[in-house]
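Each chain gets a letter, A, B, C, D, E and F, in the order it is written, and its residues are counted from 1.
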Amino acid sequence: MYALQGYSHFKHFNVSSPSEFVAHVEINRPEKLNAFYEAMWVEIGQIFDKLSYDPDVRAIVLTGAGERAFTAGLDVQAASESWINKPPPVDGARVANSSRRHILEFQECISKIEKCEKPTIAVLHGISLGLAIDMSSCCDIRICSKDVKLAVKEVDIGLAADIGTLSRLPKIVGSLSWVKELALSARIFGAEEALAFGFVSQVHENKAKTVEAAFNLAGLIATKSPVAVQGTKELVNHARDNTIADSLKYTAVWNSAMLQAKDVQDALLSGLKKTKPRFEKL
Amino acid sequence: MYALQGYSHFKHFNVSSPSEFVAHVEINRPEKLNAFYEAMWVEIGQIFDKLSYDPDVRAIVLTGAGERAFTAGLDVQAASESWINKPPPVDGARVANSSRRHILEFQECISKIEKCEKPTIAVLHGISLGLAIDMSSCCDIRICSKDVKLAVKEVDIGLAADIGTLSRLPKIVGSLSWVKELALSARIFGAEEALAFGFVSQVHENKAKTVEAAFNLAGLIATKSPVAVQGTKELVNHARDNTIADSLKYTAVWNSAMLQAKDVQDALLSGLKKTKPRFEKL
Amino acid sequence: MYALQGYSHFKHFNVSSPSEFVAHVEINRPEKLNAFYEAMWVEIGQIFDKLSYDPDVRAIVLTGAGERAFTAGLDVQAASESWINKPPPVDGARVANSSRRHILEFQECISKIEKCEKPTIAVLHGISLGLAIDMSSCCDIRICSKDVKLAVKEVDIGLAADIGTLSRLPKIVGSLSWVKELALSARIFGAEEALAFGFVSQVHENKAKTVEAAFNLAGLIATKSPVAVQGTKELVNHARDNTIADSLKYTAVWNSAMLQAKDVQDALLSGLKKTKPRFEKL
Amino acid sequence: MYALQGYSHFKHFNVSSPSEFVAHVEINRPEKLNAFYEAMWVEIGQIFDKLSYDPDVRAIVLTGAGERAFTAGLDVQAASESWINKPPPVDGARVANSSRRHILEFQECISKIEKCEKPTIAVLHGISLGLAIDMSSCCDIRICSKDVKLAVKEVDIGLAADIGTLSRLPKIVGSLSWVKELALSARIFGAEEALAFGFVSQVHENKAKTVEAAFNLAGLIATKSPVAVQGTKELVNHARDNTIADSLKYTAVWNSAMLQAKDVQDALLSGLKKTKPRFEKL
Amino acid sequence: MYALQGYSHFKHFNVSSPSEFVAHVEINRPEKLNAFYEAMWVEIGQIFDKLSYDPDVRAIVLTGAGERAFTAGLDVQAASESWINKPPPVDGARVANSSRRHILEFQECISKIEKCEKPTIAVLHGISLGLAIDMSSCCDIRICSKDVKLAVKEVDIGLAADIGTLSRLPKIVGSLSWVKELALSARIFGAEEALAFGFVSQVHENKAKTVEAAFNLAGLIATKSPVAVQGTKELVNHARDNTIADSLKYTAVWNSAMLQAKDVQDALLSGLKKTKPRFEKL
Amino acid sequence: MYALQGYSHFKHFNVSSPSEFVAHVEINRPEKLNAFYEAMWVEIGQIFDKLSYDPDVRAIVLTGAGERAFTAGLDVQAASESWINKPPPVDGARVANSSRRHILEFQECISKIEKCEKPTIAVLHGISLGLAIDMSSCCDIRICSKDVKLAVKEVDIGLAADIGTLSRLPKIVGSLSWVKELALSARIFGAEEALAFGFVSQVHENKAKTVEAAFNLAGLIATKSPVAVQGTKELVNHARDNTIADSLKYTAVWNSAMLQAKDVQDALLSGLKKTKPRFEKL
């Protein structure tokens, strides 16, 4: 196990390093099926913020502890209790104002997974509901085990998903009919469907094999130039939200600086010499 | 059969209710393979406008009458005749002005299917050409029977499809290569291809089974909170046309009001009590 | 072989016509696996510019000469040499300015494939790396042979792909997880995966069969009205980069002129008479 | 007075024609300072819809009857009463749903002024509050008399303006500081300020002179080619909401048809002959 | 002086309350012409973050301490020193990566002024260079004294302004020719020009009078419904960055909740009773 | 007069250098009031393309030869003749296709003035109609002499302006009412109005004084860091077409490379030493 400094104070997540330049973030509340309450989404935001600038990290794997669940989603009981302690509302406008701020803050925590400069791989297994989709949709790559039970569960608790699933899912898979079927019916879907419609790009036999595949893929990415890898992530995300013309222009400006990396020569030279290049920290 | 008031005067469509809160709109010109002429697209727009605000409707299924066709598309003969009665054109600009207005009006009728606040499921079977793609692309969910014969047929009558297919198809399926192959060649494609590339999300044995599956899915959606369901539709459609940042912001504002629905408590309580919630009309 | 005038002076590409109104552009540097250097991307831009307005061309097939490769991508050796002759840089800003101009010019050449008004079909076979993805992503339709070895190879030479792959790939296939897995890992992927995720829309037994299928498809498209076909291409590309509302409006304006084509009558009449229509040049 | 057929059944507006091809729409509720209630905004929408396609109309002037006011805005009393008759709300979500639909419908009526294909000139005089800004911001040209008292009045009744002022004002004048000062303070501003910051483009001595100037300007515009004039309106509005690149492209497609107007030759010939051209109806 | 709790620990800014619900933020480094170094922009971000949610604040005035300057901009000496302590760069790419992060963080601090939910008024006087334009462009309203000396000063230190001036200035004033003249020449401009081109909306005799006017305007805004005022700010800012169609839609959703404020009744009732309404905290 | 190499072969324009790093482009067809025909707009595009990369040029002034006109716009006679030689049209669609290509090419030539990386100053004097507005709207800065007679003249020849005026004018001045009044009426407007509404940012006594002012301003800009100046132009143009959030992000990426310019140190050092910096070529 490689050392990764400065993450030991986080309470609900284990942050470790299975191999050089790879970080492993494990949601650690298996006794509650890794269900989330407010302190947890604040913390996961802080972790990915920190990983984003950590020069010892070049790829990140996100998993859920235990065999049963990646996460069962929002801890509804905890959420209900936090509402109980609220002062009586003055009127619908003030309730709405308070809710809007709350949703924006919650979204901001989860979006930090997406904003992290390093590539992220979500390993989905077992029960993976609601927030599981919100969070894994913020990751760059999603892979899953055969036993996964996924669902956009929110309509079943009387609300439209608002932490990112409805914003991101239509942009990351290949069938809007399927997205709407899932989001409107809240039905469970499995690994095969997730692969066929492009939500995940790999399916493995069980959780252990999926984690192993994620570590291997992260390990492979971590051997590449961090300048090339982080630029690739940034540029694909930019393309997703912009026209091709704007994306090409942004790409040219981005690479005008990044082509000055020593990494290009190092990579070419290693290619010729058949050696493994060592890239400087970024 | 549940009663659904106020739709009996429509001439070219049967509007009924197979189960509570579900509406069934059937294109009813089977002797002409359900081909459309102007009065029909005006009427289908009016129907979906009315369904959009009808508090007794929470999900809609669109089908074509008869075994042979969902719709063969535009009734070319009727369209030709309406052109015959036109006054001789002054010049190309005035012809274009008149055509532009006509296309915009036609588009507006068909777009009312998309703008309808309630989820819509298209059941595609048999011959499903041209306008079949325009209209079903406006629906939220598309499912089909094994015998379906689909085609973006317009290039075969010397024009680029202009009632919505070319605008919507690239956004609802997962392969632009496939979209262009279909639209440029006008070739027939079937159920298997439609599923593989994400145009439909379910394939069933025959028309009867497909209609049944649509009724079941619509019935399931209709048991959910209408606040949650209609919000989900709105937010996915917004996401499709906006950046993730804009979509998240819009979502927060939307839900700031919608979380005030009694439905959230009702749904949670029903979950605990294992009872079926009854939601207020919307 | 149909005559196609005015393309014989191009050095690195064979431009011929396998059937009426079809052009075949063949990358012709098989001894170097069709790897590209600067003169080649300038030339391919000129060719597609010329084809764009050539009234004798209605569909285009792009292939690579030889059995081994569509293209191995950038000729890294040639690229390195052109860098050697550069004057010593004054500072990082001036290096960046020069790089940005260079990338923009390179992008502009390759984008001419996309801007060509005529439909384009890329035939991918054998080694198809780096620039193979950039160029084929500019084509409307991609088909491949079973032996194809595709890769977004750029991170392996220490840089983020900047000639269009990262801008276009997320918009033409149906899984962002898969796009990022490929672009971050640089791994080889084959025909089956390319089809499953929508990068190609057809797979054929070998190169010969794939070229034959491309010629057939191009031949079929070339029999259609060029007004309808070129409008279809333009409108799908517009839809890809715009909201549905904007796309519908643009479509109405576009077709306000294009419906004045004699082609509509000719196509309808041929349909009735069961004859093959002949459309005027465009 | 020129005859203008088909507008005599409108109750709250006088629609007449001061000169050939010019329509004059007068808000006609002077005893209530031309304040608006629901039937009025429905009606003004219908009027501009009808004018939009009326071939006898090429320019429109919008004024308020009487010396005292263009309009005092919303008839707050009437608005309150319509709220009184509402059923008791189930919850905040259902109240919001109903309000949203109501606002969208109100916006849609007022936006028909903007969507009208013919140029519109608003004559602002006397009291011109709230809805006066919403409606005149939908007009193409605003001119006013020296006595005008303008205000974005909504914050004074406890709400943010939602019928278009906040959406349009930032795009039609030249100082966001001024827009926000007005909208946040609800203070009255006069003709001089309106001209200095570009809200109006002309100021005249009194209402009569302003109406006269509007009729002259409308009369001048009505002598021009309607193809040129209506295209100009459409293209400026498109430019306002799009990038320059998109606007140029849309312009080229628009004019590809419109340059086929006989008007170009007629205008050139008249220029040479020093005669006044007569353009065909559009 | 009204009490305003919780701002006394800020070192470089005085935060006080000249009247009920009004906050006054004073840049307090007059001995250095209020020039900024890193700790200051971090702090001003924190202050506006806190004010944004502070229910005791409904309008904010931003001024610079002393007679000589609002701010002379970046403290170039301090900035240079922070560069001195940097480790030697590995290559241009890594320098760029570090610079990009730094600029984004700096931008984020200053943008918090814009993101603050409460209306902000900048009082510009004396020397107001560089960062003075960046920061005041984030404010909703700008007013100045006659002696103000403004400049977009950055080209004079060899760089393009990157903390917001070039992004915001083109959107808040009425002449792009003037914006570019200022930004390209770095010349000083005064109060008269600032008013004529719409950068400020008021000019006053001297600093004292300008501060007084700002307090009066802030005081007036603070008497209005905070629901109405904060909605107005949000909706104008949304309009600035979106099409009119999108802005209207967002407005309808926003107000669907906000019209449930008791403020509407309170404001109407006060209007009838000629009393001053008291609005609940938000 | 400073030497400027490589521009002597242009026929319709004089390209000279009044001072170091300043280029002067003079439209040189005074006997025809500098009216444009096709060869001229092709040539002006080539000139600005060349100036864009010319390291000896840091600022450009565009003027019209002679006392009478900047330009009278399109040479209508020449334009008519080029239409005479056209083959008879097959149908309205093919005419439209040909017109669209022609307009796009014409737009592309004129847009090269805007795309030129160096700041451009238009000097408007005397007759300045039609294309005068299209071209000067592509310049960064517009100044004029008191005698200028400006008009958006196109509706008077039966068409909507399509070479850029309608796309750019709404974005560069501060009153949409004024833009539409001008574009719909084709009336002449003078220097005072042009200044008041922000079309120009300076007015001078006569042509000679205006040219002198332009040379001085260009000379001043040319003494600044070219890295800073060209970045400023790029970033303001980017801001004009993008949201503030996107513009800030693009700015950070742009400056991540450009802050590596030696110019920053040179400028700071010169500031301290009170000397005039000499910047390296770009």
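Going forward, a residue touches a chain if its C-beta (ideal position, glycine included) is under 8 Å from a C-beta of that chain, and two chains touch if they have at least 3 such contacts.
In UniProt terms, the chains line up like this: A, B, C, D, E, F = Delta(3,5)-Delta(2,4)-dienoyl-CoA isomerase.
Keep in mind it's a predicted model, so treat the numbers as computed, not measured.
Q: In how few steps can one go from subunit A to subunit E if every step must land on a touching chain?
A: 1
Q: To lay subunit E over its twin subunit F by CA atoms, how big a turn is needed, in degrees to the nearest 5?
A: Best-fit rotation on C-alpha atoms: 120 degrees.
Q: With chain centres taken as the means of their Cα atoms, state the distance from subunit D to subunit F in Å.
A: 33
Q: If you average the CA atoms of subunit B and of subunit F, how many Å lie between those two points?
A: Chain centres of subunit B and subunit F, defined by C-alpha means, are spaced 49 Å apart.
Q: Which subunit F residues touch at least two other chains?
A: In subunit F, residues 92, 95-97, 171, 173-175, 196-198, 227, 240, 242, 245, 253-254, 256-261, 263 touch at least two other chains, as defined above.
Q: So that we know how the chains sit together, what is the shape of their touch graph: line, ring, star, complete or other?
A: complete
Q: Can you name the residues of subunit E that touch subunit B in the complex?
A: Listed in rising order, the residues of subunit E that touch subunit B are 242, 246, 250, 253-254, 256-257, 260.
Q: Spell out the residues on subunit C that touch subunit E in their complex, using ranges where they run on.
A: 92, 95-96, 245
Q: Give the list of subunit B residues in touch with subunit C in this complex.
A: 76, 80, 92, 95-97, 99-100, 103-104, 107, 111, 114, 154-162, 164, 166-171, 173-181, 183-187, 196-198, 240-242
Q: Touching subunit F in the complex: which residues of subunit D?
A: Touch list, subunit D to subunit F: 119, 140-143, 171-175, 196-202, 217, 220-221, 224-225, 227-229, 231-236, 239-240, 243-245, 247-249, 251-261, 263-268, 271, 277, 279.
Q: What residues on subunit F touch subunit C, complex-wise?
A: Those in contact with subunit C are residues 53, 90-94, 96-97, 101, 227, 230, 257-263, 280, 282.
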